[in-house]
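Sharing a structure with you now.
Think of it as A, B, C and D in the order they're written, each chain with its own count starting at 1.
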Amino acid sequence: MKINTFRNFSRDAIHNIWRNSWMSVASVSSVVAVLLIIGLVLIFMVNVQYIASFVEDKIELKAFLELDVEYEEIIEIKEQLESNEMIGTIIYESKEEALEKFSQQIGERKDLISGLEENNPLQNSFILTIKDPSQAGEIAKSIERIKGVEEVKYGEEIVDKVLKSTRFIRSLTLIVTVILAIISIFIISNTIKLTVYGRKKEISIMKYVGATNWYVRWPFLIEGAILGLIGALLALLILGYSYYYFTGMAQHTALSIISNSLVPAGQMINQIKWYFVIGGLSIGVIGSILSMRKFLKV
Amino acid sequence: MKINTFRNFSRDAIHNIWRNSWMSVASVSSVVAVLLIIGLVLIFMVNVQYIASFVEDKIELKAFLELDVEYEEIIEIKEQLESNEMIGTIIYESKEEALEKFSQQIGERKDLISGLEENNPLQNSFILTIKDPSQAGEIAKSIERIKGVEEVKYGEEIVDKVLKSTRFIRSLTLIVTVILAIISIFIISNTIKLTVYGRKKEISIMKYVGATNWYVRWPFLIEGAILGLIGALLALLILGYSYYYFTGMAQHTALSIISNSLVPAGQMINQIKWYFVIGGLSIGVIGSILSMRKFLKV
Amino acid sequence: MLQLVDICKDYKNGHRALNNINFNVERGEFVFIVGASGAGKSTLIKLLLKEENATSGRIILDNREITHLKQKEIPYLRRNMGVVFQDFRLLPNKTVYENVAFAMEIIEQHPKQIRRQVPMVLAMVGLSERAEHYPHQLSGGEQQRVSLARAIVNNPQLLICDEPTGNLDPNTSKDIMEKLNDINYRGTTIIMATHAREIVDDAQKRVITLSNGEIISDQQKGGYNYED
Amino acid sequence: MLQLVDICKDYKNGHRALNNINFNVERGEFVFIVGASGAGKSTLIKLLLKEENATSGRIILDNREITHLKQKEIPYLRRNMGVVFQDFRLLPNKTVYENVAFAMEIIEQHPKQIRRQVPMVLAMVGLSERAEHYPHQLSGGEQQRVSLARAIVNNPQLLICDEPTGNLDPNTSKDIMEKLNDINYRGTTIIMATHAREIVDDAQKRVITLSNGEIISDQQKGGYNYED
């Protein structure tokens, strides 16, 4: 392909965008709309995943130590725990701290346990977070094998429930996102097909005059890329700005609990930026090339 | 309009659907896709609202009675509570039941409160649910005015948080649904515009031969209605069946906790059925009429 | 029947296609409009059809001023004319039969009437065998004849033909001209833009010659006398 | 240069448009193809262009069998021919200038060459003033001449014209025929389907007459002798 030919393609693509301005607007706005739907659901999904992993990170193991362990032994146990790669943070809780916590938990009825300080029935313990919550059971067992550890508790039932819920929500939003994405892409491909259909006469004329398939395709391809890109950037702008505005707004109101556990706007935009640009481009390019196939056979 | 003319319109509409089969498939499938998106989000929203009101219904007031109230007074208080229209269910909890509950709550460390049975420091109380959770504060105050009631507690903070969260989620899903619906309708109108655009020559020829605007519109309108209706029914079928399958499937697995708090499939389908049919019809009819305007002016 | 007074037509890009056109057509006349390619013949016809609006001047049809018409009235104006378009303008999704029938359906003719009349006109233009073809399955001349069939099927008061024989061989053209003459004898006014010298010379009818948007001659019983 | 051997063409709906066609065209010949409307002239041309495929028979161009060609090879075949289509086939989104330039761009001619050649051909067909118009802003005859300009701009070996004067007045037609004769003298083979009796009679070239899809006469220095 000569450089002049490529220049012609670009010229034709831009001319066509202008001359079919009505259709160009339709294409761009459809791309924007589709990317907005996908983006909206994607943001929703990313946040759900984010919140879910937040919840999962809250899962703790509690390793109760035998009543008679000495200070040195505790240090030793801690070192052993630290050497375990599956364990995240390690916090030591003495039995005095445990009692204090308990009395706070039962709140107003504190009087019920007054006098227990002198005769503390509780145990020293390590509070551990783990890196992979689904491994909780096995890690607990391995820790119980350490000398000086009496028992490891982690509220099996609750962990189980939490894990099931988060896993359910994760996969549900993933499924919904994927379905919506597929439907949206289907719609946009329909739209592109129809725009190309409106120009099938033009395509066939080019072929009758002796243009090769690629010669016909190139201007459409460039046109598709430009329109797809414009669509992607517009969608990104709308979505990014709304999300920024929304999280910002939420921060100063009663919704701060929620907004604080959302992915920050900057990070979110960074994360979806390239998906959008690549998505918009490929929608435009692949969409027009595929839709043209039928009309090139003349 | 003569009956024969209407017969011609219907004939033309059906012929056009067949002769432009490719475009008809594109239109129907776009309608299906759009309704699927809206439906999916609608189902999601309905369920969220459903679960939210579920949670809100769980809000309870606890009216603690003075230590020295007699049995007759308790009956009287109960009658007064029953006469209050804002109150839902009323359950009496004696101080013995309260202690039993408390000891269950603290679980393994039950030993801490042994011996309290003889000297129960707790109070008799009524546990009340209310019809409008946001009125909790005022209802509490009015109950406190009843003679024999010492104090009404309802965990102001938690109620507040729950209400705020559900309200937030309600409005969030509502907003998302509305936005997605608007975007989807925008897309479909684009698609319909393009299908009509592909036939602009046809429309102008009819006008040149002397057809009135309505004469040109009618077959398009009937065509749009038929395609929209087919789309709506297909979407309903897909959505209803998937939802039914999904809730049914969930019931027999670990997800039953969630599926049980979902709106049942039958009810859901009944609820959205007419929206879909009317939605599909109006998309088809209004969409084609609006898109034609531009091309009728010849 | 038809009066054009001081008609000028400038297209949007500034091109003056018609300049100061004045002529009258009486009921029952047969008028040829001739002129070089681009002289303004089709533009003149588009003005009569309200496909384009005149920039200045007045058009009066049947004592009624039609220079400015509301959008809603245009269809009823067009129903009084039969038109053969230079570019045929057949409905691509309708067969030959349906295309012709369509012109009768829009004025809500009785189906029985349609079923009798349509085959008759198709036979007249020699297309009985092509009744079930779609326009893209026809040759150029066949499409042109369908356009003619559609124009005459309602027995219009005024028949406007833009180049109705441009894609027809001399014999078919002669047939068609005989038919048009018949129609004219039965009282229909005919305005026909054409390049076919033989036809114009043979017919010995009124000939209006356009050149660069102006009338340069208007002769009763004229011939194709346009010379550069 | 061109040989057709036992060509038959049945359209999908069963209509036989060409029946047993045999003829040769030598390099540099000027061949008229005449016949009534629907005789099969355009069909014959569509076969040469590979717009339609022959049902049976062989087509040989420059000693190369082109009866069956791969999709990919068709564009290169078409580049060797210039074609004036009966329905013009201009690109609606390109101006007159751009439509003609397009034919040069696809064979990757140098822009300088394009800028020199296009105005020259436009002047030849008398459309210099219309260079910036879009096709829908042209009269029927002007569109036809753009189609002709595009067909000849690349100086093709073989020029195929389907009814190139159907929308032209006699004077413009005569001009165009003179230009085609020039081109033919300079070595281009020309095949031209037409109804214009005057043109055929004046030219005194080879005339192939089709009737109902069959060749009923093939005369050197013939006239428009087709009679029903």
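By our rule, a residue touches a chain if its C-beta (ideal position, glycine included) is under 8 Å from a C-beta of that chain, and two chains touch if they have at least 3 such contacts.
In this text the structure is predicted, and so the values were computed from the model without any measurement.
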Where chain A and chain B overlap in contact partners, by chain label: none
Any chain in contact with chain B as well as chain C: none
Farthest-lying chain, centroid of Cα atoms versus that of chain B: D
Euclidean distance of C-alpha centroids - chain C vs chain D, Å: 28
Distance from the mean Cα position of chain C to that of chain A, given in whole angstrom: 67
Intercentroid distance (Cα basis), chain D paired with chain A, Å: 61
Multi-partner residues of chain B (at least 2 other chains): none
Residues of chain D whose C-beta touches two or more other chains: none
Category of the chain touch graph - line, ring, star, complete, other: ring
Chain-chain contacts as defined at top: A-B, A-D, B-C, C-D
Chain A residues within the chain B interface of the complex: 22-23, 26, 29-30, 33-34, 36-37, 40, 44, 102, 106, 109, 111-113, 116, 121, 161, 164-165, 168, 176, 179-180, 183-184, 186-187, 190-191, 193-195, 197-198, 254-255, 257-258
Residues on chain D engaged by chain A in the complex (per definition of touch): 49, 51, 71-72, 74-76, 78-79, 83, 85, 89-93, 102-103, 105-108, 110-111, 150
Interface residues, chain B side, partner chain C - complex: 1-2, 4-5, 8, 15-16, 19-20, 201-202, 205-213, 215, 297-298
Contact footprint of chain D on chain C as seen in their complex: 11, 13, 15, 34-38, 41-43, 86-87, 133, 137-142, 144-145, 162-163, 166-173, 195, 197-198, 224, 226-228
